[in-house]
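Quick one: this structure, given as structure tokens, is what I'll be asking you about.
Note that the chains are named A, B, C and D in the order they appear, and that numbering of residues resets to 1 at the start of each chain.
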Amino acid sequence: MSEHKPLNIGMIGYGFMGRAHSNAYCKVGNFFKTKHRPVLRAACGRNEEAVQAFADNWGYESTETDWRALIARDDIDAIDICVPNNLHKEIAIAAAEAGKMILCEKPLSMDVAEGEAMCEAVEKAGVTNMVWYNYRRVPAVTLAKNLIDEGRLGRIFHYRANFLQDWTIAEDVPQGGAALWRLDAAAAGSGVTGDLLAHCIDTALWLNGSIHDVTAMTETFVKERMHNLTGKVEPVGIDDACAFLCHFENGSLGLFESTRYARGHKALYTFEVNGEKGSLRWDLHDLHRLEFFDHADESAVRGWRNVHVTDHGGDHPYMDHWWVPGLQIGYEHSFVHQVADFLGGLDRGENAGPTFRDALETQKVCDAVLESAKTKSWCNIS
Amino acid sequence: MSEHKPLNIGMIGYGFMGRAHSNAYCKVGNFFKTKHRPVLRAACGRNEEAVQAFADNWGYESTETDWRALIARDDIDAIDICVPNNLHKEIAIAAAEAGKMILCEKPLSMDVAEGEAMCEAVEKAGVTNMVWYNYRRVPAVTLAKNLIDEGRLGRIFHYRANFLQDWTIAEDVPQGGAALWRLDAAAAGSGVTGDLLAHCIDTALWLNGSIHDVTAMTETFVKERMHNLTGKVEPVGIDDACAFLCHFENGSLGLFESTRYARGHKALYTFEVNGEKGSLRWDLHDLHRLEFFDHADESAVRGWRNVHVTDHGGDHPYMDHWWVPGLQIGYEHSFVHQVADFLGGLDRGENAGPTFRDALETQKVCDAVLESAKTKSWCNIS
Amino acid sequence: MSEHKPLNIGMIGYGFMGRAHSNAYCKVGNFFKTKHRPVLRAACGRNEEAVQAFADNWGYESTETDWRALIARDDIDAIDICVPNNLHKEIAIAAAEAGKMILCEKPLSMDVAEGEAMCEAVEKAGVTNMVWYNYRRVPAVTLAKNLIDEGRLGRIFHYRANFLQDWTIAEDVPQGGAALWRLDAAAAGSGVTGDLLAHCIDTALWLNGSIHDVTAMTETFVKERMHNLTGKVEPVGIDDACAFLCHFENGSLGLFESTRYARGHKALYTFEVNGEKGSLRWDLHDLHRLEFFDHADESAVRGWRNVHVTDHGGDHPYMDHWWVPGLQIGYEHSFVHQVADFLGGLDRGENAGPTFRDALETQKVCDAVLESAKTKSWCNIS
Amino acid sequence: MSEHKPLNIGMIGYGFMGRAHSNAYCKVGNFFKTKHRPVLRAACGRNEEAVQAFADNWGYESTETDWRALIARDDIDAIDICVPNNLHKEIAIAAAEAGKMILCEKPLSMDVAEGEAMCEAVEKAGVTNMVWYNYRRVPAVTLAKNLIDEGRLGRIFHYRANFLQDWTIAEDVPQGGAALWRLDAAAAGSGVTGDLLAHCIDTALWLNGSIHDVTAMTETFVKERMHNLTGKVEPVGIDDACAFLCHFENGSLGLFESTRYARGHKALYTFEVNGEKGSLRWDLHDLHRLEFFDHADESAVRGWRNVHVTDHGGDHPYMDHWWVPGLQIGYEHSFVHQVADFLGGLDRGENAGPTFRDALETQKVCDAVLESAKTKSWCNIS
């Protein structure tokens, strides 16, 4: 194994995403033959006991309780930012200035201004950077990208996506702190827009190009919730639901919706693209499948094809590395693929993406959506 | 059979809807035990040969080539209007003034002003009136209505519907005349908004109450098409696609879309309603099924239920009249049910609906949608 | 309409099938342009009041209470047999001897011996004859037939079918009389074998050719039920469930199952055919769909195609006669198609089939299946 | 981490299953908090270079090329047998005699006689033993087990399962050696019976109890294939397809089928259980879902529930250890769960199962199935 080049990871945060990324770092070398390989050098978190337990669990060699100390360490090559959105900017800029590579959780930032500053910092420092829009690396989604890029759909007319959840319907779900920071506007910046729609927008920009303008609406169904940090019932500052219409630059129409009040849906991210020659559909609840309609099929037997994206031989992205046809992989594998691509990029001296700059485009749409909802008017993406 | 009360029908038009309605009139008595029964007294159309063939096929006793002559006949109780939208108003008002009952195809009219005039005419004349928003009478849709009215979904958060087709993608589809009048703005008034979204809106208003305001966009993907009436390539005046966001009066959010450019979908009308306690989904391509999610189900085995709406014993609306559980009915049966309800209404001296006045509400939303798309602003439903 | 040639129908029986056939006779002329057209001349049943009500409902011109009297009438061209299985033979032979055409409900007979006698009678008399294996005329099933005959599946390896119901699980369902004669061995001959498997076998023989041998098992889960005719609890003589394995003459393997104890299935008739080049699947609960897998599809986007069998232009059998693409027909339409084909056969002087002789092949398999279950051994189809 | 008790693994074989098990050993500690933890002590295979590469990939500390040497090592606690079926017996007995725990791939053995000897060996030695029937630990399958054990289905009437593949249809697929030993009767013992049906049978016995008797048929569609070990075209000794009917001891009927000639299916293991009160369905192509029909549901909204088995809070077996609701796991996780249960068993001094003795029951059914197919008669399970 001496031929491998270590990528020394300093992980900040130890929540859901900290786990998902750590698992990806642990597994990637068993399945992907990159030269660079992650080494779990240090985990960082404010709670010393908790971060130690996390480090023990995943095999991080050391811990830190101050992210500045982590960034200052010479034995760290890359900083992985898995903390609430309001901390991304400061950490990322400090890490860039220290010459560290950065793998930052999505959304990039609280707003476009923060995101611009982050982009400038990494570009000035010339450090490799990536944002964890992991769904691009679900094999069925990558296959969709390949089909569109090959022109299999022809001219695109429609793009629609939604991300439906139902976990905050109960009024006694509190906001703020630990696992619930996503309900706290101060920590999250926005509600479903930054959390869920950001995923939909990233995929859409990747598959269908830039968005020109949007008209949006947001809603907060439960107006007050107990706040875990203050111990008091506080107004809810986030959007519980958000929907928008848009025009893409390629002339197609877009329809996006996200909510945490769609009873019956746990994490149903779906998209559908309709083109002149064909159409595609995907959803996260059955992420190993892609539906494809090919108008060129003989008319008598034309229908939506349900593709079980588990084949070998190069047909289905990433799947040669896993099991055998018919045996599905799951959610966590999207992170493994993203790490594998990141490492492969390092091997070739490239930035695998999505970069901070890519993620800034999503941030621009998110900001325009929130602005449109506030002003009740169409807003252009600058 | 002497105990039956005849409802003497005068049918105007002999296209797709003329067939669908005639079939309903022929079948209803075999399956529903109303006192009133339709009698196919006369069919009317401008082309004498064509209307005679139509009359022969369905058993109409006579024909007319001038709708005014039909309305003038004493042996006609009810006028069925199955002609392009631009003729609805004049015929309906004349029929009302002649004291005829009216069964009018949807959408009610070219715009709200026309619709208002039509409502005033039928109300002034005191004639029974109905608009053929037939999807209300698909058993699964009626079941959805019943479940919502029973409070099974609780507070409603979201309503989304779309109606997706793909039959006008080819640029060499002409516009105007005969079967293609729906592509001609002069005859249809609008494109998918009046043709398809009107169905979605009617169902939505019925299931979820009034809409307060909308923001919309429309698009015409193919800008010019050969016009069958002029023989020249003419600008296309209709909307090929239309989408809108809205607020319902009950505080829920709506998302609607319709297009004839969604490759792979023939006539995919779908709706989904998300409430605090449960959710419902339906689609026209499998119209005999209703999906239902009940949050009260035990958590370990909670999931969307796929209800095959073919049971007897009163469980599934209208189905006692048909075959046995498991054996599906189809599209045409929605018209049979609408006729059965209309006749039942006559038996009881009631107007079964949807009435002209009900349909005017849909027209108001359609007009606001088109206005919003034109002005790029939110528009209130007056 | 004077150019039409009347086919004067004498209907015997007025149950579920009597309704389904009558509906088909009433509708066929509105949708299919055959020269011969059914005329509902007389309905026959032992209960005078009931048969009169039935005749009134469907427009039969007269009634009889003795089927021999019906057969004796000169104004009747064709006898439709819709009575329990134990009466088929006697009526059919008498009708044949009277020179009447015969449309007989399935299964053909109580056993092969009866069926042989019936075949001989109709062939000796030279009368047109047909058995109501209506599922052949579901458009998706006819399409399956066409695809197989075109060689689209290549060499066939597997055929599997089942017909699952759940309506007799409750022990208090009685047997015998009226709607429940199917649970009475004296009237039905067998249970699910003749009622449900017979459908599966007919389709299989039609699609995949003859069966060589079978091994079967049957079960009667509820051993005693109240008998409606005797008023006493009596042993149940029918098979509640039946399954068998078989070899087809073409070398493919078959697997068949039927039961009325499959909780959750109302009338789920499904079949799947696997060939070297492709596969097909269909089920009765969504009868307007056919699933098709084409191995020749490009590997990256190969998947089961879900074909919504509602297209025009000759692509989808029978569908040109109905509505527009995307709008489904239902169960009853299979009977309309069967009548249309029967009439078209008369126009051309052909026997449209399935004939008594075709249905006898199914009877042979049914008998072998029951024999195999009884003897616990493989049985050849003679 | 010092509190963990090491379980020193000696792995024999490095094919598909060697990878799947190794991955499970690597991951289990990150997600499950057992005291015992696997330590990858040694990997063993005849090809020195290949086994070294395998060991490097997964982090095995050492390698062996002779399994007897591996078994002789004092630093090995447990032997994992991942070699072709014809080697199971000898290795297992030797390992047992050396006092090693054994984790053996399925099927247990070439036949019942071998399996008996293996059971006796492990029982005599008193060593913990397990067979890798991994599908028991798919959360949806475990949930099915729980529901059945709670009596949610009531009396069982029907059990049906099949395992459909299509990867050997091409006649130029060779047999024998490396990845293709499953097509070589000398190495595999049987074809789909031991490879695929064994899984179906194991699950069935677990969910529905013992099988009493069977009638079966087998087929070898391609009679000769190039043999990789001899370099010649040789007769094919395995069964390409196998189907059987059976009676379970509880009175329910079983229907099983497996084939590698079902075009369009990659690894479609499905089962369905029908009981008096409800039914269950599962399939491996969407292994994270369970379908459940509850007859106790209110009749108007009764339907198959599609349960996305990804919830926390104890509702869905194993899922608390993974991500969040809605985010699916995949095939490999079944092995992680099996290791976790094995380790948990060690913690508590129990044998988690399925044990050799459990697996012998499956072997008895397999043998009876093959015997029945050969003799064309019903065979009892001894």
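The rule is short, and it goes like this: a contact is a pair of C-beta atoms (placed from the backbone, for glycine too) under 8 Å apart; a residue touches a chain by one contact, two chains touch by 3 or more.
Since we're looking at a predicted model, the values are computed, not measured.
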Chain pair, A-D or B-D, that carries the greater number of C-beta contacts: A-D
Chain whose mean Cα position lies farthest from subunit C: A
Averaged-CA centre spacing for the pair subunit D and subunit B, given as whole angstrom: 55
Computed distance of Cα centres, subunit D from subunit C, in Å: 42
For subunit A paired with subunit D, centre-to-centre distance based on mean C-alpha positions, whole Å: 36
Two or more partner chains touched - positions in subunit C: 265, 304, 308, 311
Contacting residues of subunit D [partner subunit A, same complex]: 1, 16, 20, 22-23, 26-27, 29-30, 56-58, 165, 167, 265-268, 284-289, 308, 310-311, 322-333
Touching residues (chain side subunit D, partner subunit C) in the complex: 153, 157-158, 160, 164, 166, 169, 215-217, 219, 221, 241, 243-245, 247, 251, 253, 255, 257, 259, 261-265, 274-279, 293, 295, 304, 376-378
Contact footprint of subunit D on subunit B as seen in their complex: 143, 146-147, 152, 290-292, 294, 297, 299-308, 311, 313, 315-316
